[in-house]
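Chain nomenclature is as follows: A, B, C and D, assigned in order of appearance, with residue numbering initiated at 1 for each chain independently.
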Amino acid sequence: MGENEKILANESKVLSPQRVQYYDIAIESGKGALLRDANGKEYIDLLASASSTNTGHAHPHIAAAISEQANKLIQYTPAYFANVPAAKLAERLCALAPISGPVKLTWGNSGSDANDAIIKFSRAYTGRQYLVSFTGAYHGSTYGSLSMSSCSLNMARKMGPMLPGVVKVPYPDAWAQLPNETEDEFVDRMFAAFKLPFETYLPAEETAVILIEPIQGDGGITKAPQKFMEKIYQFAHENGILFAVDEINQGMGRTGKWWSIQNFPGIEPDLMSVGKSLASGLPLSAVIGRAEIMDSLGSPANVFTTAGNPVTTAASLATLDVIEDEHLVERSARLGKVAADFFTKEQEKFAFIGAFRMYGLDGGIDIVDPATGKADREATTKLIYRMFELGVLIISLKDNVLRFQPPLVITDEQLAQAFEIMDQAFAELQAGKLSLPANAANIGW
Amino acid sequence: MGENEKILANESKVLSPQRVQYYDIAIESGKGALLRDANGKEYIDLLASASSTNTGHAHPHIAAAISEQANKLIQYTPAYFANVPAAKLAERLCALAPISGPVKLTWGNSGSDANDAIIKFSRAYTGRQYLVSFTGAYHGSTYGSLSMSSCSLNMARKMGPMLPGVVKVPYPDAWAQLPNETEDEFVDRMFAAFKLPFETYLPAEETAVILIEPIQGDGGITKAPQKFMEKIYQFAHENGILFAVDEINQGMGRTGKWWSIQNFPGIEPDLMSVGKSLASGLPLSAVIGRAEIMDSLGSPANVFTTAGNPVTTAASLATLDVIEDEHLVERSARLGKVAADFFTKEQEKFAFIGAFRMYGLDGGIDIVDPATGKADREATTKLIYRMFELGVLIISLKDNVLRFQPPLVITDEQLAQAFEIMDQAFAELQAGKLSLPANAANIGW
Amino acid sequence: MGENEKILANESKVLSPQRVQYYDIAIESGKGALLRDANGKEYIDLLASASSTNTGHAHPHIAAAISEQANKLIQYTPAYFANVPAAKLAERLCALAPISGPVKLTWGNSGSDANDAIIKFSRAYTGRQYLVSFTGAYHGSTYGSLSMSSCSLNMARKMGPMLPGVVKVPYPDAWAQLPNETEDEFVDRMFAAFKLPFETYLPAEETAVILIEPIQGDGGITKAPQKFMEKIYQFAHENGILFAVDEINQGMGRTGKWWSIQNFPGIEPDLMSVGKSLASGLPLSAVIGRAEIMDSLGSPANVFTTAGNPVTTAASLATLDVIEDEHLVERSARLGKVAADFFTKEQEKFAFIGAFRMYGLDGGIDIVDPATGKADREATTKLIYRMFELGVLIISLKDNVLRFQPPLVITDEQLAQAFEIMDQAFAELQAGKLSLPANAANIGW
Amino acid sequence: MGENEKILANESKVLSPQRVQYYDIAIESGKGALLRDANGKEYIDLLASASSTNTGHAHPHIAAAISEQANKLIQYTPAYFANVPAAKLAERLCALAPISGPVKLTWGNSGSDANDAIIKFSRAYTGRQYLVSFTGAYHGSTYGSLSMSSCSLNMARKMGPMLPGVVKVPYPDAWAQLPNETEDEFVDRMFAAFKLPFETYLPAEETAVILIEPIQGDGGITKAPQKFMEKIYQFAHENGILFAVDEINQGMGRTGKWWSIQNFPGIEPDLMSVGKSLASGLPLSAVIGRAEIMDSLGSPANVFTTAGNPVTTAASLATLDVIEDEHLVERSARLGKVAADFFTKEQEKFAFIGAFRMYGLDGGIDIVDPATGKADREATTKLIYRMFELGVLIISLKDNVLRFQPPLVITDEQLAQAFEIMDQAFAELQAGKLSLPANAANIGW
């Protein structure tokens, strides 16, 4: 029995089965875009820890910042007193936010709690109670963000009643367009579906916030049409509804811009939630928003003992350094084009590659049954499993979407190597050489 | 303008006003029970970052563990793959839990999200929806834990509707007993108040969980009577209601036991939430519970990208080492006695010291108007402010309770020195020498 | 098999078992305070159809009004057009309300829907969402009023989640006072319990309404202390919370005043719900309140097709005639004194008669175990069953309270006769002559 | 000033403005399909009091039954004892229900409370909490039924939070079909929209009930496609979800069948709510359902003091007599055809008559702008107002739907006369002779 197997066997006795199953490994160490498991096997990472390690693994500048801070002060709760790195980071982050006018933030530990905070601040500022989110959305696992999510039934099962006041409207995702429907017709139909609640049972003037992932992550790496965003944005403005964006998965350079909302010219959020890669995967999140909104709650309406911790904020300061110094936003944009080229070529070779979407180093590639064009879950599982065997760590989303989110520091060579392996796996699938792994039934969301 | 003042001035422009106000400092570094602010002034820490740094500041063993892990792997999300330190920690923590039979845990980043998870697992396991918590409780700041809290109106204001199904019953705290009431009469009356909802509108057979702080922290460091605990525990068992304890503030050696519930012979929780000092103040929490309960939810019902992060779990492993190696639980018990002796003596000297409670290094000291015996908020503010000036960092709870929670590594000398300063402040108050600080109105909860 | 038995046997095959079980009869006809069942047996009615026939049975003036209207117009929905009797009744009822300043009303069909309406208007007028009601309260069976009720667990079981935002506080009922507690201490303690939520988790400034039965009906015919009412009334006023009274059971002359709230000098409600005897037991209810509150909702926020129906409002106009012409309010007060005298005398004879309360023809008589003073459910069942056998129709409330609510038109002779029968049953119980009926286990709430 | 005006002037001072505004009249008397207002003007009634007087006005058989019963016994609450007419009616109604197997019912006073009861029984029987209803639905005005409604924003405004657990899906109404979409494509698209919540956030296995108006009334008199009904019906069955139909508006012969669900071959509800015309407009409703469902709640989970009142149930017995004796169901079907012929002819003459739907004497006629085909609210108001002037009482639904629901007893002559008047008004509109009434802005939903 290898180390991986030992670790997992022991862990399974004491860990609640909350993990989404893919491959039976325990990660031991990493460097840049490379990972090593407990058995010593190496992988090129195309997942970036679910987009939480955009700066790659064990970046020396960040590791040094963590180390230095830990030796000075591991923790003092910002709930009672300021600490030096958190205070610096607050200024730097607010300056980065794509929001004009005065901006403030509040700290959290997770993307989840940041979205709970968005609910709180939206309700407090507007004095309204209703909340709108989208099907397909992943907003997190605390009760507020869970109630706003719509991505997996297991996020609702056996936990209700959920937070009252949430209405979910259909997200205009890549699969929702009807055959023969023009983009404009599609946008009109989706906007009509968006407005239906407001016309029949949801008073717009009592709606606090519309929370959206401008590009859905777990929903399949899929971007809402610009015109749709404009329409709901205008609707929000006309009705005094706050417009909030979840940048937890798609922010921090992932999409070739600092923030995914910057892919939508003319749209400026009132509030945004950030997390994941914010402190390179140490637990830190923030809600950043217009100052008057962020001033609307009294203390201690949104405090967490360890949020804005000295170590995590020091790590975040170093993360911002790296993104800036290594031009990771631009790198993401450039390599995203390389990736798009690659998948376009593969599409020509392999009929089972359906549509794909690529926004910076952020892609969703649909694997379909060439005969019907329908989602092919089995083929997807075969592919990712084969890639895993060949040393590329990649997982799926939904039934049949390859999730392509490498660390932004991935080298050109590593990327080329990963593509070679992917190409090999595609070819093997084409040739009918791939079979399902034993635990295929458990694999995936 | 000093560094403190500069930092705070800048921070205030970009930080949502969520901090509970006490003194205008920014913490820069620490060592053991000592803190240094940005102006270079030193303090003996009697707050331990709200009980989140029980091992003291910048403990070399813990700092080293953090540093080493950061250089190996900062993050890989346990939501998809195991990592080495988290897997180890899970085993070690489950072994520590005061629960017989098989035990499992789930990771979180904050005490708050752990209590949200308690709600989820309780509902899932029992198939019931109602939840019971206590007045005075602080359970956290995400929507689930917020809905269970009852400690400050600002934790409810402008955020509703809250999570449905929560019923709050009165906690038998130190101030609830009537004059002329025996302990037994008190317990009977409080238990009757506890049962009133169950007799009139809350079906016991639809109640999932009773969540309690066996010793309330933010509620004033106050312990429920043993007989009361026995009664509600028996009630829970008779009605198939899970019994969950919040050990976030009071666990990890704080009360002279590993867990505060161990101060109650014969009571064994089904579920417990831990956090704060678990990773010495790095964001890490867990819900530990009977395995069959922890198995009741499917993935991804309770996952957080960064929960069970390699760095935070490495820090937690080192924290457990320190607690064990330095015998901090026993130390807490022993120094708690020293503290009790001190405050007993002070009580004799100073009529404004009302009742106090001390459970390990965990105390609440009531400051009262000697004439009426009523809470004296002003005197309390004068005292803590004066102690702060004299180099002892201590805050208040409720209106008039001194919160005494030093790091458990505080040396005997440091403790003696803190007591000297406290005695001086007490004497100055007695002598009428203390006046309110300028910002007194903003100080405190 | 008698007619009663046949009817019940058939009915049981097609009726959901929602009836509270007492005696196996089907009522066929009535006249004043007399009832006749399908087997032809006669009873003196001490229940008045749960206080819904204060004017007695088949009153000729009322029957004539119904008959006349039915031949003219049975129904036209006030949701779209006015009808003549409803318009008249609105004026007359508003003039009767114990509210100074302009008053308006809205129609309903049941006490239940009236209390739902109180929730709606309170929220709309105040813009606040939280609601306060009392343990022991019966407010009805639609989701709003059910959520405000706290009288029987079967009113909550298997139906949740209930309407969010309701907080229940303890009612200062006849059994809540501690031994050795003065009335003032009692009031202070109950008021402290009332304030506890407001001090810990319920923002007063977000609370829309306090809804109270000034005298609880199904809670046991028990009146809140005047000083308690003053305190909560003042609290409501100071905090902009509406003060609403439920007069459905206790209004319409029942307590020797037009409205039960008139037993509390100085207290004037913002809103009141009326029903039951309003149309002599035809389905009609109303919420009457300060005009500016009643103007706060737009159409069709509170319409019911048949509410304010021509026949029911004609019946109500006739009911008001009868109450006025036959001086039933005064009669209720006078006969209430007669009843009080009777029960005082019986108390001296029978040790199992504990405390009793009498407010007009509205009484609750506690049957206790003379040895312990505790509630004696069995004795209560024996008594009411024996009275039923002897021709007096009376039921119990809670475990051991005789519910005394005869039609207000009961003659002095009928009352005397009923008392004779009651005295006989009391004596038989004393003599150990009474045994439990076969179905005793099913009898009662 | 006429009587109408006087009555309304007085009433407006004391009545909460809950009425949907149409014409300023007070109804004084009626006979069959004729109405007379307080000024003595006569109308042919095409509204039937919102389908609550299907047997017409002041029917002698029904008036006699009411009168007779009122002289015998006006009320005894079925909450405690049976009464003769209610017991009879229960049997007769259960026999009429389109449900095979044993059937039971529970009484209510309004359609609204019946739908609240459907929620209760569905939750109790299934042990599940989630509820599904449709946009466009009108289910009533108590908190349960209000929370299920989706017909007018005023039914949600300022009243929230609503009952938790309700999810609203789009109703496949007459206006939802896309141009160029086949009926099958339409049904598929609507069924996909129906399933979207179940696939993303609503666990089917936790869903208690789907409540639907098989033909929506206030939603515009519009019928779901048979295939759609089959799909959701099958979905319900496959997932253990109860299938409940609201027959309050459309039952009792209105659609040419006893119940509107009988227009859908092969569909049999688990539960149905009836009201409105059930007692010819006296307040009476019922939930009728499979016996095992109706047995799932204990007493007093669903009792109303006056529900199943002797007078209302006597009126209902007489109503059933009339429907049967006068063959009103068949009459509704036959006259519905006559009406369909009429409107088909009118469509040819008047381009502003868009689509219309006619199911028995139950029709919705769309008034559109001939140029664009879009809803023409102004033309609609002009038309109904002109018809009113000419002695035909008819109102609109939504913006532009003529609501055609005459009493089923309308004579052939009266119907012909009404059509003549309608034709005149149509012609006048065509000729540009109609102008808006002064209060046009207030007219309509």
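Here are a few things to note about the model shown:
Definition applied: a contact is a pair of C-beta atoms (placed from the backbone, for glycine too) under 8 Å apart; a residue touches a chain by one contact, two chains touch by 3 or more.
Every value quoted in this text rests on a predicted model; they were computed, and no experiment measured them.
Most remote chain with respect to chain B, judged by CA-atom centres, is D. Chain pair with the larger contact count among B-D and C-D is C-D, by C-beta pairs in contact.
The pairing of chain A with chain D is characterised as same-residue: of all residue numbers used at this interface, over half are used by both copies. Chain B and chain D, compared by their mean Cα positions, are separated by 57 Å.
Each chain gets a centre from the mean of its Cα atoms; for chain A and chain D, those two points are 47 Å apart. Put simply, the C-alpha centre of chain C and that of chain D have 32 angstrom between them. Of all residues in chain D, those that touch two or more other chains are 127, 129, 155, 157-158, 160-162, 164-165. Taken together, the chain D residues at the contact with chain C in this complex read 4, 7-8, 10-11, 13-23, 25-30, 35, 38, 47, 49-50, 52-53, 57-60, 62-63, 66-67, 70-84, 87, 90-91, 93-94, 102-106, 109-113, 116, 119-121, 123-124, 127, 129, 140-144, 147, 152, 154-155, 157-165, 275-276, 280-284, 287, 294-307, 309-312, 315, 395, 445. The touching residues of chain D, counted against chain B in their complex, run 127, 129, 160-161, 164. Here chain D touches chain A in the complex through residues 129-130, 135-136, 149-151, 153, 155-158, 160-162, 164-165, 168, 170, 178, 180, 189, 193, 196-197, 199-203, 205-206, going by the rule given at the top.
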